[in-house]
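Below are two complexes that have chain A in common, paired first with chain B and then with chain C.
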Partner chain A sequence: MKRVIVIGGGVAGMQTALRLADDGCDPLILEKEGELGGKLRDWYVLFPTFTPASEVLAELKGRVIRRGIEVRTSAEVAAFTPHSVTLAGGETLACDAVVVATGFTLFDARIKEEYGYGIYDNVVTSADLERMFAEGRVAKSDGSRPRRIAFLHCVGSRDEKVCQSHCSRVCCITGVKQAMEMKRLFPEADVFNFYMDIRMFGPGYEEMYREAQQRCNIHFVRGRISEASPTIDGRIQIKAEDTLTGRPLKMSVDMLVLLVGMRANDSNARFAAQSGVERSPSGFLAPKSLFLDGVRSTAEGIFYAGTVTAPKSVGECVCEGYAAADAAAEYVKER
Partner chain B sequence: MFAAVAWKWGSWLWRLSSDDRRRILKGIPSLATLQAVGETVSESLLHRRIFRVNPLLGYMHMSLAFGWFLLISVGWIETVSYMGFRWVPLQGHVFFKYFATGLPHKPVFEFTMDLLLLFVLSGVALAWGKRLYSRAMGMRRTTRHAWGDRIALSALWFIFPARLAAESLTAALYGGGGFLTGSLGAALDRVADPALLGHAATAAWWFYSCCLGLFFVGLPFSRYMHIFTEIPLIFLRRYRLRSGEKEGAFDRFQIEACSRCGICIDPCQLQQTLGIDDVQSVYFLRDRRYGRLRLATANNCLMCGRCQVKCPVGIDLNTLRLNSRDTMRNIPDERRYEYLKGLDRSQGAGKVGYFAGCMTLLTPRTLRAMERIFGAAGEEVWWADREGGVCCGRPLKLSGETDSARKMVQYNTDLFRKHGITTLVTSCPICLKVFREDYDLPGIEVLHHSEYILRLIRSGRLPVIYGAERYTYHDPCELGRGSGIYDEPRAVIEAVGELLEPASTREHALCCGSSVANTAISDGQQLRIAQAVVQELEATGAETIVTACPLCKKALVRGAKGEVRDLAEIVAAHIR
Partner chain C sequence: MMKRNSWNEYQKQIADDRYYYGRSCIRQNFFPGSEKAFIDILRGDLGKDLLDDPLHSSCTGIGYHSDIVPLETIMTVVARQFALMGEAGYENFVTSCITSFGVYTEVLATWAEFPETEERTRENLFKATGREFRKPASLAHTSDVMFHFRERIAAQAARRLVNAATGEPLKVVEHIGCHYAKIFPKSGIGGSEFPYVLAGMVEAWGGECVDYPERRHCCGFGFRNYLVQANRGYSIANSHKKLESMAPYKPDFIVANCPGCAMFLDKWQYAIAEMEGTTYGENGHGIPVLTYEEMAGLVLGYDPWELGMQMHQVDVEPLLDKMGVDYDPAAKYLGRNGKYIGKPASAVVNCSATDTVYDIRE
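Moving on, here comes the complex of A and B:
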């Protein structure tokens, strides 16, 4: 049987391995963390249905175990070619093809120092908030209930100042979802979303956005927050411009949630240099074609699945798992 | 040629402001004149500053300038010695050997003149070599010249070989000549017949005089105008004439004193990192001189001052670029600044005022650290802009919007005076520079936070703990080359840990790339410069990069793997 190595054991990698097994190949998943699941392990519920992330993850992991797919955890990849993968420890594994499903990196909100993440209390990222939801203790740092909450969209996305010009796509709907969850937890609180554009591209997203405004009474303000500073009473003062009325505004809030974007992994540059695959200007790996070869790389025998090529939703990543596996299986059979 | 040069000088001097003329009149009878004479000899003839860039490059320029000067003066003396003591024009010697073939020989002069010719010829040979391989003279890149300069340059290159040929052929026909022309002439006499030598001599003398003529006719209109412009520039500079925020007549002396040597190209990071090779000072000055300057060229400069440090003529490059921007961009919008009236968001009271500046407000770790430092030292502080203030004006000034900048300057000056402070501390070198240079603040001492913190530490008001951390320091352009502050930040770092110097440091330090003075390059290009700078800083092996400018910090953090901290942050973390 042909050996195909899948680098990365997130949703895209797991689905790729499952499909490879269906296609009669012998897949091996290399996961750098201690367990499978990738970024989804840190997520609480998924838009637009509020389905628990653990449910999706448990189902995928269960299938991987039941199919007896070989998995190596805590295995970080140092380099790869189409026919071999070298681990950080120096061990080299032979294979017939490689599927890269290494995902993305969350933008480090500390780089946008003006928002005070890591400096002031009660400035959190969307990822922090998911963890707080999962742990069931959403509150201000002193334990009290927030009365006014602001969400800021596009932190580390569509921001030339930090050289992240691309749109991370899923943060808009995440912001709407998290705002609705906050409103559910704190019905008396005012919730504001500061945005540049609201991009509701998926099925049911636009409806959810409408519901957030009409039923949940969440306020949407078009304008980016320019800076945040602490007030004497321990709140956070934000400065923004409401670009629809053309007026600057100042507001004190109890919590500021930064919707951090998806950025390309640093390892992409190294992989591109070593394996001869190409990177797009955003730093994500570039597929052979955006139209006909979305899961093929520019090098023979190297395939892509999931967010290694661009920001995507969970559903899209799983779909790409099927496509990448089929493309890789076809390649190894012809070899 | 002399008429053209005189006309140029005359018109520039005529257009000088009355203040500048007064400065000249006051300067002439003073010591400044003597100093200027000395500087003229050391720079215009000997080219001491080019020697500092590269010895071979210095020798090349010196042999051409000083060698030719000696050829002319010794030649004149030689002519006088033949003709007796009467009036001989300076150029009298040029064709002396052609006409004065029948006179008795004076071997001393012949030897000296040949030696000097050899001296100049060695310079010409080096100049040819430099065009082929400039690296040998410490220049990775040289100037791409316009066609006018190329013609003048070629003429200059051929003058001296042509003179060698002409004098040797004359020596072959009539005898005489020194060790060079004489022996060459004797050799030619042996191999060629006299008729051929006669024709060749005539051709060589014609070629020599054509090159000479072409060069001198082209001189006032080409790069070689620098030969005559550098001299009055040295004198005027000694008389304290300076370029200002508006274009002026003195600028012409600076602009035409540029020899287009291209020494400014190599230190430019836009060229080094981004490969932008048509905006450097040499091209900026050339375009401005011939009235072809475009805003895109004027704007595409970090104003880091790295080229200015290297300029062998000492031209005030940043000021010239700024007043060009002023001419092209100064269109104030009167209504935009109405909000300044009656605005005062300052807090607290004290003799010490703190001005954070826009960039420090966007990097609140620095602001917090300053709050801790002031608190620990027990300083009563008047906070000028913690709740938001008005820009210091420097970014507008740097973009050429001088009149708008002046509105900010006036607003902040009034604010500082109203609150009766005696010391003004800022953590932003951009603000510092404009406070010191463009604000009228009698009775208020303006300090950068590095200077202020050092005073606190030295006076014992701020006890700090020495730690085991290793730091490297990035010199901000506006603080280092801009304001001459190099030692204070280093002393502060050394009070809290070990300091490791990067490869380019102090006046040769690199620019972070995010300078507000450059409105032409993209954020992606800024990042590439920052990454190159960070690479050099991280190569020191230090755990933390320290800088003393909020803008540099924001720039470097984008390209760094490790920590980037403001000076205030590391001090605040080490308060005992």
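Moving on, here comes the complex of A and C:
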């Protein structure tokens, strides 16, 4: 059987391996962390259905185990070619093709210094909030219930100042989802979403956005927050401009949630230089074609699945797993 | 205690010695002792070589930011200062004014980004003066230099920024001029959001900085706010917003590194007190506003009247008493050589003469 190495054991990587097995190949998943799951391990529920992320993960992991797919965890990749993968420890594994499913990196909110993440206690990121949801401990740092919560969209997305010009796509709907969850936990709280555009591109997203406004009474303000500062009573003062009314706005909130974007992995540059694949201006790896070859790289025998090429939702990543596996299987069978 | 975690990521080269000193146009009027204190501290206390060159001129920054002086002109003026520095055998430019620092930084960045503008400036300078120039090896604001030597000053300190009666650190509002790092964040120590240039001095000398909601807000100088008389309401409104925001934290004093900020935060307290009867300090007084040279001078044991602190609108005596500074109240209005310089009328910001107070809102 032809061996195809899948680099990355997130949802895209797992689905790729499953499909490769269906296609008669011998897949091997290399995961740098101690267990499979990728970023989804840190997520609580998924938009737009509030499906627990753990359900999706458990199902995928179960399928991988039941199919007997070989998995190596704590296996960080240092380099790869179409026919070999070298691990950080120096071991080289031979293969017939490689599927890169290394995902993305969450934007480090500390870079946007004006929001005081890491400095002010009640400024958190969307990833922090998912962790708090999962742990069942959503509260201010002093343990009290927040009475006013603000979400800020596009932190580290569509922002030339931090060299992240691309749209991370899923943060808008994540902001809507998390705002609804906060409203469910704290019905008495006022919840605000500060945005520059709301991009509801997926099935059920627009309906969810409407529900957030009509049923949950979540306020959406078109304007970005310019700065966050502490108040003497431990709250966060935010300044923004409501660009629909053309007026500056200042308010104090109990929690400020920064919806951090998806940025390209730093390792992409190294991989591109070593393997001859190309990167797009955003730093994500560039597929051979955006239309007909979205899961093929510009190098023979190297394929892509998931967010290694651009920000995507969980469902899109899983779909790309199928496509990348089929493309890789077709390639190895023709050789 | 104010939290911060990123100032170390914003560092810049600050020369250790041999400075060419660029004075400020307006500081010598508002705070005449501060520039002298800088020279005295650098030369006398730290043993550094500093040239105070009478040949250098205004940078024309006020005219530039008021759309009176065009870019080509200010670049040529800046080039002339650099030429004078080179002719004097120096290469480390330090400037006393935040606006000038912003101007020099902007001009150097413009030349780096658009080399043809540097060539044109060289031609203009040569045609106008016959001079040629080299760009400085380092450019710093004088507060950068004071920050650079903060530990040495701490080691030589006669006093610390603590309440002499309680031993508690003094609570300090540090205010950074907008043109220090808001234009080019990497040009300032600590960047623009959590600048550390003044906070580093305050902490090294025993004080504690307070973070307050309007910390990053402009003092209100903003050239057009003040130079256009009809806009002056914006100027005082900005200072008012900051003072209202910082007052609940009960700061012992404000320290600023910009000529305009130190003046406006000081003088507008007088105007607000006269207009509304509102004061922001303890016991009905205003909050004293210091320059960083005055703060350093007090730490090093200088006499407050030698530092020119009698020129402040808000009296500094409550702060001096708190720090345990030994001073002669009778000498306050004696200028250099013991000459009486006149005493201002009493003002409500210094807890007296309420007869002139009226509420503008009525």
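Basically, the second predicted complex is superposed on the first by the 335 of 335 C-alpha atoms of A that agree within 3 Å, B and C clash if a C-alpha of one lies under 4 Å from a C-alpha of the other, contacts with A are read in each partner's own complex, and residues count from 1 in each chain.
Keep in mind that, in the parts below, contacts are C-beta pairs under 8 Å (C-beta built on N, C-alpha and C of every residue); 3 or more make two chains touch, one makes a residue touch a chain.
Here the structure is a predicted model, which is why all the values come from computation and not from measurement.
Annotation: superposed three-chain arrangement on chain A; chain B versus chain C shows a clash. Once the two complexes are overlaid on the shared chain, A:I232 sits against chain C while remaining clear of chain B. Once the two complexes are overlaid on the shared chain, A:E207 sits clear of chain B and of chain C alike. By the document's definition of touching, of the two partners only chain B reaches A:C163; chain C does not. Contact with neither chain B nor chain C is seen for A:E76 once the two complexes are overlaid on the shared chain.
Chain A residues 113-114, 119-120, 227, 229 lie at the interface with chain B in one structure and with chain C in the other.
Contact residues of chain A toward chain C in the complex are 110, 113-114, 118-120, 227, 229-232, 237. Those residues of chain C that touch chain A in the shared complex are 3-6, 191-194, 211-216, 248-249. Within the complex formed with chain A, the chain B residues making contact are 361-365, 368, 388, 522-524, 527, 554, 557-558. Residue ranges of chain A in contact with chain B, taken from their complex: 111, 113-114, 116, 119-120, 160-163, 227, 229, 239, 281.
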